[in-house]
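Both complexes shown next keep chain A, but they swap its partner, so chain B is in the first and chain C is in the second.
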Partner chain A sequence: MANIAAKRIKREFKEIMKSEEVIGGSIKLGLVNENWTELKGEIAGPVDTPYEGGTFLLEIKVPETYPFNPPKIRFLTKIWHPNVSSVTGAICLDILKDQWAAALTLRTVLLSLQALLSAGEPNDPQDAVVAKQFRENPRLFTMTARHWTNVYAGGPNIVHECNSKVQRMLDMGIDEHQARVALSSYDWDLERATEQLFG
Partner chain B sequence: MADDASSSSGITGNTVENSINQDELIMKQQREIEKEISETIPLVGEIEELQTLEKEYNEDPIYLLKVKDLSSKYKSIRRTRPDGNCFFRAFSYAYLERLLTDKQEYDKFYEIAKNSKDILVALGFSQFTVEDFYETFMEVIQRVGEHAGSTPDLIETVRMELHDKFNKQGYSDYIVVYLRLITSGQLQTDQEFYQNFIEGPRTVTEFCRQEVEPMYKESDHIHIIALSNALKVCVRVKYMDRGEGSQVIAHDFPEGSTPLVHLLYRPGHYDILYA
Partner chain C sequence: MSAESDMEYSDNDGDDYDYYGEHEDCDMEVADRTKSDPEYFVFSCLKVEEVEKLLNESIELLSNSLQITPSLAKVALHAYEWNAQEIINKYKENANEVLVFSRVKPQVPSQSISSRSSCAVCASTPQLHKYSALACGHYFCNDCWAMHFEVQIMQGVSNTIRCMAQNCEVRAPEDFVLSHVTKPALRDRYQQFMFKDHVKSHPQLRFCPGPNCQWIFRAFIREGARRVECKGCESLTCFSCGAPHHAPTDCATIRQWLTKCADDSETANYISAHTKDCPKCQICIEKNGGCNHMQCGSCRHDFCWVCLGDWKAHGSEYYECSRYKEDPNLTTDSQHAQAREALKKYLHYYERWENHARSLKLEEQTLESLKSRINEKVMAGEGTWIDWQYLWDAAKLLKRCRYTLQYTYPYAYYMEVGPRKELFEYQQAQLEAEIENLSWKIERAETTHRGDLENQMDIAEKRRTTLLKDFLEFSSKSNNSSKV
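So, the complex of A and B:
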């Protein structure tokens, strides 16, 4: 790895450990390998959002040209959000693309991602199915996001309606995650979700 | 799995994933082009006779006339890498080179440079990152100052070091980043004035985030005006394009001062000119 990138990441790492967000536990950063090319991030779901109480893991890859090019980041924890792919965890956020600036840091990126969880941007979606639900059926969107947070991110809020519908599909021999995706995508309409999977 | 769910139902999940892949492909291609440029063109080249421009435009009568006009005022040119950072790189190289022989101007500039970090931090830029770039920037400037206005031998030694640093990514790009921050700081300090130059509904702050602070974003008049105002340095830009006439038009930023830096602009790119 280029010397500049490694040097900069090391400095950032020290700095972020002293930040109030790390001390307060709302973000975390850890090393994955010894040459500083890959890190693991963690953000707490913001309060008063369906993600509250959840912990979301992020894969952070540092390119050789860092900090002149942005880090590559995706969600490892499955999440239901208009700007994050429910399949791959890919993120749609301007500062991770053409609006990255060398004066930004991993700390500012983690905080921006946390802000993204508080304020989804359905007009610039990464996941069109989620974005459509976000726009057209906010109540169902919130329920789905809360349910995913409970199941995948360790959030405390159990959504019984979702659990029981997933269970019904499990009883039919369908894989749990597949069932959840189908139900989430079809606004928890058990019949359409089943039809889609068997059709 | 969601792939399956969305494709068979006709919900447009895949379309968006595809268009994102498209984005990534474009970005990848762009990086490959950048890589090729970076392997063939130095960040800042050696000084060349202006005639090399004539050769470039051998079969282009409009440009040939303009090169002729240019050569009545300038003897040589120093090319910079066309990577979107060329204005900042050309400007800082030409100005620091000039400071080597102008101690008085150096002292004036040193004070401005020294105070620049506090201005940025006061504007809300993070101390941590600004400091990183500021330190490298000051290190380069201080080395220029050690022998500014000194004997030709010493000046030549530092000039060669400077050339070397401008061709090392670690120094060169750090200088570019810092100048971008200074430019952004100036725009935000004097928002009301600069708002007039920004097209569309963007605020000055948004413009800075999108067009000034990110690396590789090309510079326009507004960048030049802001940087020359922030550093109190007058820049003359000679605009060479396909426009009518045989003259190469010059713009001074700000108008009415004596330019210390001379740049040649050809659509999308800046190089350094020497009289």
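So, the complex of A and C:
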């Protein structure tokens, strides 16, 4: 790993540990390997959002050319959000792409991701299906996002309507995650979701 | 060459060809043609060094009249699309505005002027003189600037490299970049990208899109279909949009058409196969020549490759196979039928577009074999190259005509039904008929009289220019009216 990159990451790591966000528990940062090329981030779902109470894990890969190129970050925890792929966890956020600046830090990036959970940007979507629901059916979107937070991110809010529909599909012998994706994508229409899986 | 070229050929038009013997007149017509060519467009084909000289003149002019560095002049010219006069006028009015617009200075003075106690990027603490900043006042250490520029240059960025501070839009001018980049290879690369970027931002310049082609076009009008021909690779390009030249279709329509073709080509390719069955004896025929007048090798049936109709019907003026007939009973039909009809309509135009594109490629080969045929004749003492030059000219004219014909199909596809479309398709059909006649005659040049061939050339070219004149003028008129 290039000298500047390692030096920068070490310093950032030290500083972030002292930051009020880490002390307050809203973000976390951990090491994955000894040579500082991969880290693990964690952000808490912001209050007054469907993600509230959930904990979201992030994979952070530090490129050789860091900080002159942005870190590569994706969600490890499955999440229902217009700017995050519900399949791969890939993130669409300008500062992780063309708006990256060398003076930005992992702390600012994690805080920006937290802000992204509070305010999705459906006009610049990563996941077209989620973005469509976000725009056209906000009530169903909120319900789905809350349900995913409950199931995958340890959120406390149980959505009974979703659970019972997933259970119905489980009874048909369908894989649980597959069933949840189909139902979420088809606005919790049991018939259409089943049709899509068996069609 | 078509599949049947080895078959004995009986000239359909044999009885009525005329030999005018007007060789001198023909030469004059060639000269006239450039003048009366409706596609005629003033442009020049420049080498990289010539363009560099051209750009440097603008840079020099600007830096001299405003007393600014050439590096700064480049940034401003790039931002103002090389309109030096506009920059000079605006600069005299409000210099600050020009610098902000060019992103040399920040819009609002930076709030957080970074300290020079430690570098915010690498966290090290170099000596005070080892820091530098752009006009925005964001100081970073020189090593970090160097790394930043290296990474950006390796990614192909040149004119638009930004400051390293968050949300700072200020761009690094050339002299600042070069004062930090020391590796010669990297400096070269930076300057190469810079040059490319300058050409792309210059409204009078366009790179020839040919593969590995180094030539650059220069022209002064950048709207409507404008034909430029590369000196190096001979490809035809539209100066306005950079797509292959596409008259009589306009730039927006050809883009729409090419995207559509790219989306639908799989299906269309599948449906319009490379082979067809003879309409009379059903033997499978592969087309291997540009001419659409086919003669079945097995039953000697003359037919049209495009519509599979009898060729005799095509001999008359009312050659109809290029005309797509919209079904008048369609409006009452179901949505399903309409969708099918839409696909049918698209395929009608697509097949013809594709077919002429293929014919053009095959005629490239004809041109090659023609060359060797002429060479053989010259070697055998049957005349000189000059004597056979007319054949060569005929093949080139055929190429030009077929090219235009190919690009009439996207235009027709998007045209609204009405008298304009009828007129267009009538002219298109006439052009198509003459092109096929010409193609047929060239492929059988040994049995075709020179006068007959030259007559045919003249007719085909006239049909082409008539069509282009009518429709290029029309589209430039409608362009102007839409602007008002």
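Operating definition for what follows: the second predicted complex is superposed on the first by the 199 of 199 C-alpha atoms of A that agree within 3 Å, B and C clash if a C-alpha of one lies under 4 Å from a C-alpha of the other, contacts with A are read in each partner's own complex, and residues count from 1 in each chain.
Keep in mind that, in the parts below, a contact is a pair of C-beta atoms (placed from the backbone, for glycine too) under 8 Å apart; a residue touches a chain by one contact, two chains touch by 3 or more.
What you are looking at is a predicted structure, and each value in this text was computed from that prediction instead of being measured.
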| item | value |
| --- | --- |
| Combined model on chain A where chain B meets chain C, clash or fit | clash |
| Partner chain in contact with A:I4 - chain B first, chain C second, else both or neither | both |
| Dominant contact partner of chain A by residue count, chain C or chain B | B |
| Chain B versus chain C as contact partner of A:S85, first or second or both or neither | first |
| Touched partner set for A:L111, first chain B, second chain C, both or neither | neither |
| Partner chain(s) touched by A:F68 [first = chain B, second = chain C, both, neither] | both |
| First (chain B), second (chain C), both or neither touched by A:A103 | both |
| 3-11, 129-137 or 147-155: stretch of chain B that collides with chain C | 129-137 |
| Chain A positions touched by chain B in one structure and by chain C in the second | 4, 8, 11, 68-69, 101-104, 108 |
| Chain A to chain C touching residues, read off their complex | 4, 7-8, 11, 65, 67-69, 101-104, 108 |
| Sites on chain A touched by chain B in the complex | 2-4, 8, 11-12, 15, 68-69, 85-88, 90, 92, 97-105, 108, 125-129, 131-132, 177-178, 181-182, 185-186, 196, 199 |
| Chain A contact footprint on chain B (complex, rising order) | 1-3, 5-6, 8-9, 11-13, 15-17, 20, 23, 27, 125-126, 128-130, 132-133, 169-170, 173, 177, 180-181, 209-210, 213-216 |
| Chain C residues within the chain A interface of the complex | 120-124, 138, 140, 143-144, 147-148, 150-152, 162-168 |
